[in-house]
Amino acid sequence: MAGISKSFLGVGVLQGVDLDLRPGEVHALVGENGAGKSTLLKVLSGVHAPDAGTIAIDGEVRTFANPRQAHEAGIAIIHQEFTLLPERTVAQNVFLGREPVRRGLVDTAAMGRATAALLAEIGETGFGPDAVVSRLSVAQQQVVEIVKALATDARIVAMDEPTAALADHEVGLLFDLVRRLTARGIAVLYVSHRMPEIFALADRVTVLKDGARVTTVPTAELDPPTLVRLMVGRPLDAYYPPRGGDFGDVRLEVRGGTAPALRGIDLAVRAGEVVGVAGLQGSGRTELLRAIFGADPFTAGEVRLDGEPVRLTSPRRAITAGVAMVTEDRKAEGLALARSVQENALLVLRAVFPRRARAGAVRTRDVLAAVGLRSAGEDQEVRFLSGGNQQKVVLAKWLAVDPRVLLLDEPTRGIDVGAKAAVHELVREQAAAGMAVLLVCSELPELIGMSDRICVLHEGRLAGELPAGASEEDVMALATGGPVRAEVPR
Amino acid sequence: MTALVGRARWLPRIAAGPAAGTWVALGLVVLLAAAIVSARGGDYLTQANVLNMLSRSSALGIVAVGQTIAILAGSLDLSVAYLIGLSSLIAAEVMAGDPAMIVPGVLAVLAASALVGLVNGLVITKLHVNAFIATLGVGLVIKGILESRYQGPAGSVPVLFQRLGYDRIGPIPVSVLLMLAVAGAAALFLQRTRLGHHVYAVGGNVEVARVSGVPTSRTTVLAHVLCSLCAGLAGLYLASRLGAGAPYVGTDGGYDLESIAAVVLGGTVLAGGRGGVGGTVAGVLLLAVLDNLFDQLVLDAFFKDVVRGAVIILAVAVYARRQLRARAQRAVRVPR
Amino acid sequence: MRALLSRGGAVAPVFAVLLVLLVAIAVVNPNFIEPASLLAYLKRAAPLAILAVGQYFVIVSGEFDLSVGSLVTVQVVVAARLIDGDESATLPVIALLVALGLLIGLLNGLITTRLYVPSFVTTLGMLLVLSGAVFLWTGGAPRGSLSAAFRVPGRQGIEIPGFGQVPWSALILVAVAAGAVALMRSAWGHTLVATGDNDRATALAGVPVARVRTTAFVLSALAATLAAILLGGFAGVSAQVGEGLEFSAITAVVLGGVVLGGGRGSVLAALAGALVLEALFTLLNLLGVSGALESTVQGVIIIAAVAYAARRVGRTRRPPAVPDPSPQPA
Amino acid sequence: AACTSDVPPGGAAAPTGAPATSAPAAGSEFFDQAEHDRQLALRDQTAQGPADQPWMQMLEPEMRDTARYATQGPHHVCFSNASVDNPWRQVGWTTMQAEVDLHRDEIANFTALDAGASDDKQISDIQQLVGGDCDALIVSPNTTATLTPAVEAACGQVPVIVFDRGVDTDCPVTFIHPVGGYAFGATAAEFLAGEVGQGGKVLALRVLPGVDVLEHRWAAAERIFAARGVNVVGVEFTENDTATAKSIVSDYLQREGQINGIWMDDGTAGVAALEAFEDAGQPLPAISGEDQQQFLEKWQAEGLTAQAPTYPTFQWRTAVVAALQVLRGEQVPSEWILPQPTINGENLSQYLQPGLPPLHYALCGCQQMPDFPARWGA
């Protein structure tokens, strides 16, 4: 790709980006939220037509009028946003747009066989080609997404934050797969905000900043601090903000919390405390947060706020009682995409505390500034923001209400390193001001770094608790139902 | 043996599909109707009555199959009723009583209806007009043409062509076979052709379909062309039935909203991407059985509307409930 | 005013279309720009405009209301039968109509939000039920007659010295417009639009989306009740008063640039859409476009106007023809 | 499998050559000079039969023998109705049911199917009824041309009685109808031409195009207005919507300044049209309406210059009477032409009976029936 430029409604997003992919290499593409990574991938895959610049494959200049032509040229992409049809089967999704035809009819048998083979190759045994996608978990859907990209005989595979929704062991499988692809001479363009992944996988790294290429360097010549500096433009503290010390009384308490996927959860969070919730994919972390928040209320058990028993049977009640929740799926559950940044940020206030909306507007602005929102202004529709920036709007929306209890489900999913640090600061600040925070985060180092204590879930039960500074091994041991090595009395 | 196993694997899926509910409902209503009618001393499941019900469903059935395709593609077609009237007139005027003109007449109708479908599809995809408004607008355009050109029935179809509307093969009316053939072809198209798969994809999520390499605009246009062709066929059938073309035959039959109602009764989701022709046929039959029951009971015409409205709402509420339950079960699935 | 009409700097295209049509009418018939003519035009447009405002609430929340036309008929027919020429019955019957409107709106809303029936189906069913029920009750044709008092708002006006007669309809329309704008600027209005955009996210933000949507249906039914009072007042009892009004109202709203599927568009633009439709009818009439071809011209213009409005809105997302409030237990 | 055909003998709609309605020669399609002249002449004929029972009267009858249809009672009488989608049909339908109730000794069963204005459904309805055990079939066709084949098919199996809109075949035992649309339209037009004079402005309000009985009304009126030099300022369709009618009239008043006469092919929107004059502060015009209650009341209250030709709903009684006569083997006219009285200033009070619903039709011939007026909605 040479000299790629792209602008939306007169706003430049990509400015003359050059990028070359070599057969068999993993090429990482990094940059802050809104730097233009996804846009570049979309240009490569024919979703957007570039305003200027050319794409050449094996020296031959190609133009793609639509995604189909890019497919045919051997380019496959795993998009940042899901591209699956929930009501269709895995096989139908995997072959969407490229259904094999025999004697004029779709060869469903061949489709099933090929899908099964691909699933086997990636090591997925949880579901088969005939499973309906809507019945799969988010992680399983991500696997389908990957298989869908692989089903083409692609020579270039672009992956836009493919691990954002994957659990560790699945990340491992994905890595194996990437390596197998490159061994076959396929070039992989890999977008991620996770530093360890980049250093584990990539041969070279291209850094984008404000739509322009900063540099392309072999990974071997880089170390994490340098890469961060290239992306953010300044060095970043590699450490998590200091933990709180003096916690107040118990703010949030769950006793015997039971829900369809949860069994007798007992849990307490004090004012000022950040409690991490660890567990494998599907262990019930999201379920727990949603239950406390009243989105899918507990069917049995008790929730207390500041010692008072409360019945949080709907999000509205929970919010009124001072509970806020950042949901894990920002598109489906976090944002009104056609509404402006401001509308979204003020939504909770307007819905539940209309009198505080005016004051809240000021606070929202502070939060958005702190996390470094990049937008064309408060009036910009949220759907035009980059994924990471959308996540920031969701955070602002909830912090604007000044909750007593803050439930965070994957709050830093998809946001860049700089913004992550800002979010960590914010969370700490809120805690210090007396908020009780319950944090779910699939990135263990982050979870451990941020938590004052870690509760580990296993198959819907509380497997144990770990103190601050527990090791990843300790957490994993509990999470996988292994022997308890260090249980801390509560 | 393997065939058996293979078939057995399909059974639960069919039973769980949205169409199953409609067929079950249909069965129940037929039993209920038979019980009511025989309690009043009548005879319900006579061959004549069953055939009457079936042949009454033909026109609506054909239109509704086309409507199913449009709705599955995430669209809908409010212009079918006017197109049916237009088609009946084109058929009757081109044929003008001459058996030699049957083929040209049929071709003219198919060409005209394909054109209408093309216009619907292009207005939606190229002018970005919502399907509701686009097809309402195209319907108005046809309405104006009908009203300015015709003041009543016109043209005439030859006796040979009327056999489409009146003949029976064995006991089964040709029109019923025509409807079943159209439904079968549509089902094959939707389930076993690439274009059919693309119809589901576009209806499920246009953006996803697009980035997956589906030619979305072409698919939407095609869905509309097929829908209009079905309306054209219904117009042909009605012309053969009436012996002439009639401008109001489509609107008087209420084929626009009624076909949508049948599709929805058949469990196809209005927003697109989920459902199928099998349910629609059951939906059409359900409406016909109800109609027939009302007639047998000599119910007030206004009371029929009340019951129809209530049945439609109720049926869809039941589907929604089933879907909800399915989702709840999904969430309850405790990890092993 | 500009701020009222515009969003993001650009005046919604529907106002430009309206202006062009009004100018065209004035060119064909210079009398049109006299206050009396303009007021007469407003008077005629008022019922549809009010229906469009009601329909706007429903559409922007992501739903449809196909039952308003038959509800208008029901209200007029019920009023005639109950009043039966008795002046003293006027107010009690109007109160009853309001209650009936409330009930129908509530039913539409509850069936849609609690039983998860897509509103297209709910209100299509309601349309059948209403039109069947009212004639079942009256035995097929309207009975009774409206009182003179009942007909005042739709038929008469208030004398303003030095200006002439201002129709009540026009005043009521202005009041409805002001009320709707105020409502849309309130917190409720913001949550209504957010609900149409993403009901799951909105529910998780603490918005009782089922209640918000139900309220929208109730407002639509109340608008239909008001429209019925004006239409019945204007022309008396008829079994046809409401015929096709649901499609006109939806068309008006879409002409105003409001997106079917919810989440976008302003209430004033929806109202302007109704004024455009009425101006279009007036112009076609003035030009003497023959009764028959009128539909054709109407169809073409509606498509053109909506296409023009769609040009401005984002092209990437084609909303489904029918929004799907897919079962989402919040 | 054996292939059977239910195609009516000779085929549908166009048994031989093109039916009268098939070739749309613009404008004149619905005009039949001979029929027109016949109807205009019939207006002056005196009907045979009891003067106090106009539904039993007949004009220029050619009696036909029905002995071969005579059967032992009590009978099963069937009725295929086009629809009850307007007040005229509603009043007629009520009257018909009341007539049936008068003959409960002879009619054991009365089965009626409503086609909801759909030709296709009515064809099936007729097939279904004929397939049952009806002794006689009454048909009120939805559309003349398109119902012809079904009626023809039925004729072969049961005696068929057709009324109101008619069919393009002679096979029914009798076809019952008032004098007709030409007479209706002509009477109204002659009255208006006389009132407004040469050059007077008349606005014609029609319901909708394409219904032959309505087309005939306008076809006759158009000729008279042309011959008498009346200035027809507009011909508009109201679809019987009073609001549309009122708006149209208001527009014309604004455009024309004044209008001297209103001609209507159906009086339903008459009062709304008059209100447009009132609201515009204009004197009420000469108007031709119909025998609808609200119009007659307005006429009496305002002392209108008006006339109401009628298309009597009492023909719905006649259909039942005829069916029974046929089943008894009594003679009936092959074409039963009913009188078609005109209401004018002199006889208005004789037809207007207070207390009935606004959309009631005065010429229901039902005043002496049991449960009158309650059964008709009073």
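Some notes on this structure:
Order as written gives the chain letters A, B, C and D; numbering starts at 1 within each chain.
One rule holds for everything that comes next: a residue touches a chain if its C-beta (ideal position, glycine included) is under 8 Å from a C-beta of that chain, and two chains touch if they have at least 3 such contacts.
Small disclaimer: the values here were computed from a predicted structure and weren't measured.
Across B-C and C-D, it is B-C that has more C-beta pairs touching. Most remote chain with respect to chain A, judged by CA-atom centres, is D. Inter-chain spacing, taken between the CA centroids of chain B and chain C, is 30 Å.
Each chain gets one centre point, the mean of its Cα atoms, and the points for chain C and chain D are 36 Å apart. Averaged C-alpha coordinates put the centre of chain A at 73 Å from the centre of chain D.
Chain A and chain C have CA centres that are 43 Å apart.
None of the residues of chain A touches two or more other chains.
Counting partner chains per residue, chain C shows two or more touched chains at residues 140, 291-292, 317.
The multi-chain contact residues of chain D, meaning those touching 2 or more other chains, are 84, 209. Pairwise chain contacts present here: A-B, A-C, B-C, B-D, C-D [touch as defined].
Looking at the complex, you find that chain C touches chain B at residues 111, 115-118, 120-122, 124-133, 135-136, 140, 247, 250-251, 254, 259-260, 290-300, 302-303, 306-307, 310-311, 313, 315-324, 326-327, 329. The residues of chain D lying in touch with chain C in their complex are 84, 86-87, 90-91, 93-94, 209, 235-237, 239-243, 245-248, 250-251, 254-255, 268-269, 271-272, 275, 279, 294, 357-359, 377. Put simply, chain B touches chain C in their complex at residues 71, 74-76, 123-125, 127-134, 136-145, 147-148, 203, 206-207, 257, 260-261, 264, 269-272, 300, 302-310, 312-313, 316-317, 320-321, 323-324, 327-328. Across the interface of their complex, chain A is touched by residues 8, 186-187, 190-191, 193-194, 197-198, 200-208, 263-264, 314, 317, 330 of chain C. Within the complex formed with chain B, the chain D residues making contact are 1-8, 10-14, 17-19, 21-24, 29-30, 83-84, 111-114, 116-121, 123-125, 127-128, 131, 142-146, 148-149, 209-212, 215.
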